[in-house]
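Lettered A, B, C and D in written order, each chain numbered from 1.
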Amino acid sequence: MVTLQEWLEEIDARARTRLGTGRVADYIPALAEQKADRFGIAVCTNEGDIYTAGEAQEPFSIQSIAKVFLLTLALRVQGDALWERVGLNPSGMPFNSLAQLEAERGKPRNPFINAGAIAVADRLVSAYATPSKHLRDVARTLSGNASIRIDARVRESEWRHRARNAAMAYLMKAFGNIDNDVDQVLDAYFSCCALAMSCVDLARALNYLAADGHARAIGAPFIAPDLARKINSLLFTCGMYDAAGDFAYRVGLPAKSGVGGGIVAIVPGRLSVCAWSPALDDSGNSVAAQYALELIAETLGHTQAPGGGLAARPRQHAP
Amino acid sequence: MVTLQEWLEEIDARARTRLGTGRVADYIPALAEQKADRFGIAVCTNEGDIYTAGEAQEPFSIQSIAKVFLLTLALRVQGDALWERVGLNPSGMPFNSLAQLEAERGKPRNPFINAGAIAVADRLVSAYATPSKHLRDVARTLSGNASIRIDARVRESEWRHRARNAAMAYLMKAFGNIDNDVDQVLDAYFSCCALAMSCVDLARALNYLAADGHARAIGAPFIAPDLARKINSLLFTCGMYDAAGDFAYRVGLPAKSGVGGGIVAIVPGRLSVCAWSPALDDSGNSVAAQYALELIAETLGHTQAPGGGLAARPRQHAP
Amino acid sequence: MVTLQEWLEEIDARARTRLGTGRVADYIPALAEQKADRFGIAVCTNEGDIYTAGEAQEPFSIQSIAKVFLLTLALRVQGDALWERVGLNPSGMPFNSLAQLEAERGKPRNPFINAGAIAVADRLVSAYATPSKHLRDVARTLSGNASIRIDARVRESEWRHRARNAAMAYLMKAFGNIDNDVDQVLDAYFSCCALAMSCVDLARALNYLAADGHARAIGAPFIAPDLARKINSLLFTCGMYDAAGDFAYRVGLPAKSGVGGGIVAIVPGRLSVCAWSPALDDSGNSVAAQYALELIAETLGHTQAPGGGLAARPRQHAP
Amino acid sequence: MVTLQEWLEEIDARARTRLGTGRVADYIPALAEQKADRFGIAVCTNEGDIYTAGEAQEPFSIQSIAKVFLLTLALRVQGDALWERVGLNPSGMPFNSLAQLEAERGKPRNPFINAGAIAVADRLVSAYATPSKHLRDVARTLSGNASIRIDARVRESEWRHRARNAAMAYLMKAFGNIDNDVDQVLDAYFSCCALAMSCVDLARALNYLAADGHARAIGAPFIAPDLARKINSLLFTCGMYDAAGDFAYRVGLPAKSGVGGGIVAIVPGRLSVCAWSPALDDSGNSVAAQYALELIAETLGHTQAPGGGLAARPRQHAP
């Protein structure tokens, strides 16, 4: 029987065969410069053990993975009142579509499309004096890495190329679904997306989703178990842009990807994993990182997912 | 500790408090006649035990739950080639929308919206001489109930009110995504939707999705374990009409509902359950049946779903 | 000063330089067989004089030009009540789009898109025992050509390839905007589109739109002057598929085209003209016929259109 | 026979019977304050005579009527190259829709919807140092009224409530269809919309569209005759928001309305007319002003429009 370490190394070797496929994100210059031939993977078990292969310590721009942190913080601040501002359903449209946002009067479909994350950011701007600094500090705490920082160059580049996100923010503002100044909300949003974190950082920081909301780094619950289950459900149905259903069918894990090339996936009750490789497919998901996660899911043999966790811990009055 | 039987009776009692809410489907007269104040629930464990409460033996029109049988049969016949004809992603639109179907050139988003199920039915019309009879026989075999029949009155009523489904079928035909005569495909589709089955029948017949594809009634695998996992993923992301995300967030189980008032849900590795009550909410899902499933999910404490089944059965070389 | 005859011959010569451009309609086989290198033009003055050049006597499939006859007959039968069934505004979408029809609950934008003409045909099916025969007889009377016939081969070909039109008709039926059997309505519609008429036939038959509603062939008003003005306005805003605005900008005449290659244009107060050439541009309008009409408009110097006819006949108490 | 003056007074009396209908625009506070019971009308003949009734000298916010000036200036600067930035066809959508703009990659349908006018304003920002001042000066010159000014309060109010227009501008910017800074373009656009002009000012200033491009105030052509004809065609097909087709059918004149309650209509070859009354119908067009123009069109007996102007001035070699 192979060890987890040997197994990750095998995945690393196989994922690297995909490095020639896909395209590095080029919508902002700061991302376009990334080399396509990089790959890293890190696993964080619920016991707190870390296993890695490849460039697992290399910081990259987390981009849309930030939406998981944004959502978690906003749910902590607002609870279910958040769902008056943003929906819970797959959008069925590209992640930056305006047509649906207009038809649904400025309420984004879910918190993992851009408009939804911007609406969530607006909630945090209302709640915190310096929301992006707060989110950065949370990322530092949860990952145990005090050197995590916001990449000023990426943030600046996002700001300069903000036109489409600005269009979405102003459209929500027109419908009364953004309370704060649009420029301020976009700045908070871009700052969070510009966080630079490594596979190890992300696997650690998001392990609370695998561990019923418990964050080992703080030795305490970060969110309630039920909320962790719910966020995982959202990641399962909406986490992979417009390929969410396809990914659910093939891989079957709650996951969130970013155009920086990172993807975090959750194996509830067991572990969190982050894979990274900059070249993306047409849906904006990293080709090699997706493949690595597909191998992980296959190997673990998750035949009972989703919903299978029910088996794991019967409660008092369950049959 | 309560028994499963006591527990179902409690759920029955609580679900009946919701009987005043919602509206019985009225798009065809044969359904509109149903009384709103009925409720039944049946659980089929993977060991084959049946537990029931309420009118669990009362046959009702399975309607869209037929789409699960249609999909399973088509995947058995065609395998992954089916996905050239129908997609894998949530539609983000009402279940009978044409706009998306037109924009995506006649390829329906997934097999659980009407257009998708009609495209699947077309595959079965190509494969079988009498597809609806074949599907009825499969339902009989899997549920062990040889008296299951197609309700001729419901089928006739669907046919007379076929205009919108006919519009979808002709639109797919215009794009070359229906091979057979439209009238013939619609007849097969309506016949399957007009199957009359009880909660017990459905819980038994669809238990293969909870049991890694194994069908106890035939004492053999009905589909491969991986395929069962994949169909569950699709049910999780697309099974509850345009409320799929909302249901995933609140309940967190793979499920399929029909406008006859039935909902089947799967607890992978453990059991299948079917609840039924005719009055529907605005998304077309039974109010009381949904609530019953919510109670089941809460009670079992599914904190790790989805994807949590990974924990259950480590394979040979897993860590 | 050139005569009208010399002028038409010059237009014929110049229009023939465009014969290499565009593509013959191929959506039904019966149309796809037409040779691309044909051209004809006929002018019918309000005094009843006919001038021609090229193959002006050659019958071709009038296709969507039939929509002008359908509308005129339906307005004669129903008056303004027709506008409860079909709108008056440009659609801004391709002529056979379903998305808009669905969003607007089965009421087509205007009578010159396919859905609109089918809704109009449904009105005539309610009004006449044999609507297509009635329309054929009207075409015969107005053009003074008793040999005009419905091309059975074209009608049959349209029927076999009816899928998209059937989709639209069933969608309208689903919204209660088609009263009669869909097959019967489509048969009436296809029969009218399959009328074979020449440039001379069409210029004569539609001259009532140039002549304040007066039809010289019957020596009497065919429709009221105000109605002729209104139909011309509709032709101006909606007559040229999704290129209506472009055509209005460049040419500035009320006109209706068909995928058979014919285009009829109206010069109110003066004449009607029909040009024909089978090869179409991307919007479905004949390349050479459009160019011929552009030359006519340029030559006449229509600097005051549209609305300029106000100058022509001041009424009693006008200033 | 009544004089033009008597006739206008009759129209004034009849239009005032409609004053209880409709609602004053309230999307910005500065407009919402207008009293609903006001009405004025002014006619400017091509000979330069002015006839008025009601509050024809009262300045009001011209709002979208500014789009006619914007378009005319941009065509003078750019000629047909402008049509690479904005289309020529009716939109078939509300005037401030984003869905179509997104689907058509940032190219607005026509220059009379908001997005189109903003794209046109961007062209003027590139061409002029102070575009709104330039446009104001043109309005002063063409109307012969040097006291015309930009209403700073309206401009400021538009700016504060710019969210939806900003969304459209940023969306176009995202597609590369806005060259300049979005804030600067919006400021130019709002400034032009905030021009305060009276019925007399507008009838005079836009008379060039009735007079083959000739502007009496400058004693010279302002634009070429062909361009005047083309702009009139665009006004006919696209000038009245999403009620353009309806207005064309009922009234049959090229016209442009603004949410300030003004509507300018053109009778090519004869006169320009401006009616004003603040209360609007659901399409954003003034109820009483529309009715007044309907009476004018009826009275003049425009049976040959559109395209009828061909009769008026045969050219050298016309038949």
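Everything below uses one rule, namely that a contact is a pair of C-beta atoms (placed from the backbone, for glycine too) under 8 Å apart; a residue touches a chain by one contact, two chains touch by 3 or more.
Source: prediction; values computed, not measured.
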Touch-network distance, subunit A to subunit C, counted in steps: 2
Shortest contact path, subunit B to subunit C, counted in steps: 1
Of A-D and C-D, whichever chain pair has more C-beta contact pairs: C-D
Euclidean distance of C-alpha centroids - subunit B vs subunit D, Å: 56
Between subunit C and subunit D, centroid-to-centroid distance (C-alpha), Å: 31
Inter-chain centre distance, subunit A versus subunit D - centres from mean C-alpha coordinates, in Å: 49
Sequence positions of subunit A contacting 2 or more other chains: none
Touching residues on subunit D, where the partner in the complex is subunit A: 97-99, 102-103, 162-164, 166-171, 173-174, 182
Contacting residues of subunit C [partner subunit D, same complex]: 1-4, 7, 87-93, 100, 109-110, 212, 225-226, 228-230, 232-234, 236-238, 242-246, 248-250, 252-254, 266-270, 297, 299-319
